[in-house]
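In what comes next, chain A is part of two complexes: it sits with chain B in the first one and with chain C in the second one.
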Partner chain A sequence: MRPPEKVGRMKFVKAVALSIFVASLAAFAAAQSGGELRFCLRSEPKTFDPLKVEDDASVAIRYLTGGVLVRMNRQTQVLEPELAQSWKVSKDGKQITFKLRSGISFSDGTPFSAEDVAYTVQQLMDPNLHSPTGDAFRSGPGNVETKIISPTQISITFPAPVAGLDRQFDQVAILSAHSPKKEMAVLGPFMVADYQPGSTVLLKRNPNYWKRDAQGRQLPYLDSIRLDIQPNRDVELLRFKRGEIDLINSLDSEYFDKLGAASPQLVHDAGPSLDSEQMWFDQVSKAPIASYKKTWFRSPAFRRAISQAINRDDLSRIVFRGHAQPAIGPVSSANKFWFNAKLKPQTYSPDSALKALQSEGFRLENGTLKDKDGNAVEFSLITNAGNKYRERMAAMIQDDLQKIGVRVNVVTLDFPSLIERMTQTFDYEAILLGLTNVGLDPNEQMNVWLSSSENHQWNPQEKAPETAWEAEIDQLMRAQASSADPRKRKEAFDQVQEIVVEQAPFIYLVNRNALSAVAASVHGASPVILAPQTYWNIESLSVH
Partner chain B sequence: MLWRKIARHILALTLTVLLGGLLSAFLVRLAPGFTVDEAQLDPRLNSASVRALRESRLADRNILSFYFHSLNRALHGDLGTSISLGEPVTTLLRQRIPQTLRLVSIGVLLSWAAALALALSAAWLRVSAYDVLNTILSGAFLCIPAAVLALLSVLWNVPGSLAIALIVFPRVYRYTRNLLAKAYFLPHIITARVKGLSELRILLWHVVPVVAPQLLAVAGVSVSIAIGAAIPVEALCGLAGIGQLAWQAALARDLPLLTNITILVTLVTLLANSGADVIGDMLRGQRA
Partner chain C sequence: MRSWHGRVWRRVASIVLLLVVGVSLSANWLAPEGYARQYREAASAPPSRQHWLGTDEIGRDRLARVLYGTRISLLLAPAAALLSTLMAALIGGLAGYLGGAWARVAMAVTDLFLSLPWLFLLITVRAMMPLNVSPMISVLVTFLLLGLLGWTTASRVLCATAGSLRNADFVQQARASGVPDARLFWVHVVPNLKPVLYAQFWISIPAFILSEANLGILGLGVTEPTPSWGSLLRELEGVISIGEEPWKFVPLVLLVIVVTSFQLVLSDQEQVAA
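Our next item is the complex of A and B:
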């Protein structure tokens, strides 16, 4: 028998020990918790179906929730295995065979197998789907065949060679063939837990996610991601400053400098991105513009001279505050493999531009450039209203061209009106816009370069190529698309880049830098130039 | 007599709503860029997909046919599907109405509370310096554009309903103040004052009953003003209500969504005005 005071002391010691143990457990659990990451989507996601994705907000959700067979590492630009352990592309570029990982389940517990891959591919290639992801695989007429070799092996055969076939699967999130939850059953690190239209999308960690870190801990570290739908960039910046959100992608250069002045450790300039700002002239023969203007716009010498008279360094330095690089050609130098390093940067020389125009019959009279028939050289340059950078660029181009006697009238239109003029009425003279490149492979721009394409912006839907150089581009683009040899493809696309720079159907101006902001509370972030810049390694991020 | 007036209001309301919807549909159809979709600029889309996108936009090009089909569907509870968001319009409206209702009702209540407090106190005190101060204050808010007030509410992290209240307040205050000022010069109120009735009794028993019918009419108008203000406030403050939806629909030339929102807003505005009108008539009838 112990004395009563000793029993009381023992109870006290036990209670203290238990409290310490519980507190330690709580602290350990808190340390294990990855927290909640918060950032803004700039528009309402149009769909949660990964196969129908086209808008940026839906692309972001697909990246965070979708499980893919292969993933391009956004930092190294190298393809890495994900749900597929390995893969092999046939020599003719028509077939790809995947060896899949086993023992993986969707977020709702439905097992993953080759059957799901076959189902996804069949859904993706439905001709009525009309999605950018599906269209990227459509290189020729005919059906796609899927052959399930075993539950962990599948081969997919396309009717024609698909350039960069394996890389295209980076965009294909695998759907479950059997889950009653359909596209809401996912294989990615997060799953959609709640959606408040116009307000937030809440993603929660996928409890069945298959990846583990080097210490064997299940990924992702984060417990949840809160995506606030916020189209207003000023509000987005304000919320970042208040600590209400943790990341900003594609930060404006003005905001970058403001934020950087106060907290330099929060902002990141990853260098030139894939996106370009460019202008082009209307070369459509049926366009409702004066015929003498069409003659100018269809002259490569005129386009080259205009290009030469634009000071790209000033555009980068003044409009983008140094957070942009003068563009050289259709591919940004950020695209390590496909950029043609032989291309020389465009030199700014109004004198040379004027001489080149004079040799084409133009003459300068009292500060006004006139063509050989005496028409003053004047055109309107349209850009989208509300984009302050393009409006400033247009104003600077106006000043630059004034120096060679060319009068530019800057017009801003809302985006739908601009698209209508550009694609349907062709009622414009010149347009200043940007091209957002989501992928590295030139095949993704196929519908810009082919003369018969709807997106061949300077002269869409040509029945037959109207110029010899467009015919040559058609031939080279088709050649690179039908080859599985990366070296041959590179050779062909290098030639395309040279022709485009020589003929200047697009006058490339600048490549904007990939600017971002990351709160100090986010651990593991390493922003890159490729989308999604700040959260490309979402599995490794945590918030403390 | 009153029933005849209510019936007349219902008829006018129905016709105005139908015409408002049709006018809205025509305006959207005539807006440049109606037949295009931003998605068609995606360089990965092939020609067939671009054509399919374009065709889908052209399906509603005949506005009369679109409108009568829409009305027919609406009678069966189907308001169509939003082009830009791909969701049924009924679902979108159901999701967004509570936010706007909350925003507008709190905004209107706050504005009325502030306007009545200032107008009544000015009428009661009858100190010219106080009156001038209130007039300057309301004039200042009248001059500030709705979008600026919305941005300030974001900047200072205050609820959007306060921005709505500040937009509605000066209109309500000025009208209320003028009504009260006129009422104090009515012969029976001057007599009451001469007889030595207390100011509070004069205000509550003699002034308020006189101005109540007109104030009710202003109440109806203030609801319309608040609904109009909800568009910039919701769009700029990122509030997921009908105003933000209307803004998105206008930018995307979303014909089914925009037409239905116009009908809804017209309906609510007219109901508020007609309701105020009818109640005002009832009050006037009682007094007579």
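Our next item is the complex of A and C:
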């Protein structure tokens, strides 16, 4: 028989051991059962085929379900290995060789090998598929060749150099060459389990996902993700406030402040994003506008003076409630590698703007600016109806330019009418719009900067560059696109940025901040500026 | 027979309308800084001694904008109503009086206009307008468009009324006495259409005010910086605004009061027409 104090000690030790066991069990269960994450897609996904993805909703599903060879870390903006353990790009930028991980299976159990990569690349480059993702790889005429060196090694050769070749694979979700489920067999952390058109997409954890955390636990932590299709942002916000959804990937500044006033811990301002708001003048020679106005719009001095007379600090502070930064040039400072840090922000100075205009022959008469022929400086500024931020920006620009005697007539048009004027009839004088940048690489802006491009908005589809500086931009953009040396590419694109700031074909106004909201129940979230802002590290998220 | 409390309400409504018009006409005196001045250091400010109704998102005095916006909406809506009523009288009245193929053609055209989705039509016509027009011209054009497109319903009513007058005994008698058609129309028919015309005119005013407000909410009405009730109501966009800043509701309250007052005055006109 044991003495009573010894019995008590034994009981205590047992109780502690039991508690530790229960706590470990709970921690294990919590780690394995990461709950369900719920958020909204703002439109119906158009496809689940990762190679045909074009719309935002489908891009989101591709990010959550697709396994890629390399992934750009949205926080560090550095490319990291995923299904490929390592990779090497040839000096001429035409060939990339991947060394793949072994022992990986698709969600349906089909093993993954170099054959799947070759199959995916062939599908991607099939001209009949019209893959928007594939367009980024089409650098020149000719076929893409894939060579399977071994089940875990493959080289892909393109007919011409592809700038930023390795980064482009961030968007390529690998398909199975052998699975009967085709695109529904995935290598990403989640797989599509259910789809109710117009209502929800349910993603379940991929049981065969290859990644493990530092403790050796299989990722992802979450059991499932419920994506509600909800185009109305007000409803999305109300549902977030009611706790029915856990994330809002992109908030506007007004809602951000209102939500932040009530629950500051739920909202996140990750700083300036890649998106910009800008205005430009119509420089199309055949545009149906007065010739004296064309002369103003084609004058860099006029454009720079207008740029100088706009108070960007006020636009950021008032229209975006401080959740935007005055834009410096065509690349946001958020783009860590490609931003030209030598560029300085445009200083607001109506007096300097007026002096610059006077040196060009303009004069101020009774509060109205007139050109050397006596024409009053007046132009219309179009923006899309219903966008309250742009309408407010336009009203503030109107007020700013009034101070140097320029009369601006603000016109709001429905979007199709605006696009028709911008791209078909060229019947406009100035436009205020935004540009959404999804990628960091300058190659993704080729369609804007090449003078022959349709999206060269101030003067699209020029047969030959109409100005020397546009010819220089063409040459520099082509040079950076054909080089595989990041340093040379950066030098060329830095020059492009300097020319654009100097010539001001676009008057960059602000870069909006990346604003998001994450419920307190979501663990592991660390919102960033690159999409998908809140769930870029989806494997590490859990909901408790 | 009209009830005494009906008369009281109509008088109250008339006084309210006169008061609103009077106050809006004195906007220059009540808000001498104007509706476009941006107090950028006081953007989105709550009501204060300087800004009784606070300021809007870019710092413009909301009271000034309400006063000037009221003036614009209240002066131009009747002008558009007058235009549409005159067009309705001309098209509907004449078609009804002439009858036969004229009436059928006129009513077919009216039905065609009625079947058009007016909102899309307004958006399309608005998009086709020249861009470089001053804000005041844009105000006039917006209401002119409303007037030009808003005659159809009234035209149907007037056609029916004129059609019944055409066969009235006094018209038959005048015709038998050899009175020419033009004189018959202007001297005998049109005066008898007046009560209907008045009623249609009064009905159209609140309808046009609301139409302009709808266009304004879509961002397609009166352009910046000129205020109108439509542009002012855009501040209420988004459910998140509701309840937190009640002073933003002033334009909406004013719109409801004015439209209700018009309806009360209108009921009097309808009884006259009947």
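One rule holds for everything that comes next: the second predicted complex is superposed on the first by the 508 of 544 C-alpha atoms of A that agree within 3 Å, B and C clash if a C-alpha of one lies under 4 Å from a C-alpha of the other, contacts with A are read in each partner's own complex, and residues count from 1 in each chain.
Rule of thumb we're sticking to: contacts are C-beta pairs under 8 Å (C-beta built on N, C-alpha and C of every residue); 3 or more make two chains touch, one makes a residue touch a chain.
Remember, it's a predicted structure, so these values are computed and weren't measured experimentally.
Peer 1: Once the structures are superposed on A, label A:417 by its partner contacts, choosing first (chain B), second (chain C), both or neither.
Peer 2: both
Peer 1: When the two structures are overlaid on chain A, which partner does A:180 contact: first (chain B), second (chain C), both, or neither?
Peer 2: Touch status of A:180: no partner.
Peer 1: Now for A:379: first (chain B), second (chain C), both, or neither, which partner does it touch?
Peer 2: Touch partner of A:379: chain C, not chain B.
Peer 1: Just to be sure I read the superposition right, which of the two partners does A:216 touch: chain B = first, chain C = second, or both, or neither?
Peer 2: Neither partner.
Peer 1: Quick one: classify A:238 as touching chain B (first), chain C (second), both or neither.
Peer 2: both
Peer 1: With both complexes overlaid on chain A, does A:141 touch chain B (first), chain C (second), both or neither?
Peer 2: neither
Peer 1: In the superposed arrangement, does A:394 touch chain B (first), chain C (second), both or neither?
Peer 2: Only chain C is touched by A:394; chain B is not.
Peer 1: Output check: A:255 vs chain B and chain C. Expected answer is one of first, second, both, neither. What do you get?
Peer 2: In the superposition, A:255 touches chain C alone.
Peer 1: On the superposed three-chain arrangement, identify whether chain B or chain C touches more chain A residues.
Peer 2: Ranking chain B and chain C by residues of chain A touched puts B first.
Peer 1: Of the partners chain B and chain C, which touch A:103 in the superposed model: first, second, both, neither?
Peer 2: neither
Peer 1: By the touch definition above, which chain A residues appear in both interfaces, chain B in one complex and chain C in the other?
Peer 2: 234, 238, 413-414, 417
Peer 1: Touching chain A in the complex: which residues of chain B?
Peer 2: Going by the criterion above, the answer is residues 31-53, 84-87, 92, 95-96, 99, 151, 154-155, 157, 235-241, 244-245, 248, 251-253.
Peer 1: What part of chain A is in contact with chain B in the complex they form?
Peer 2: Answer in residue numbers: 44, 46-47, 54-55, 127, 130-133, 135-136, 138, 196-199, 228-232, 234-235, 238, 242, 413-421, 423-424, 435, 438-439, 444-448, 452-455, 461.
Peer 1: What part of chain A is in contact with chain C in the complex they form?
Peer 2: So the residues of chain A touching chain C come out as 234, 237-238, 254-255, 258, 314, 318-319, 378-380, 382, 385-388, 391-392, 394-396, 398-399, 407, 409-414, 417, 427-429.
Peer 1: Help me check something: in the complex, which residues belonging to chain C touch chain A?
Peer 2: Residue list for chain C touching chain A: 36, 38, 40, 43, 57-59, 123-124, 126-127, 131-135, 138, 218-220, 223-225, 234, 237-240, 244.
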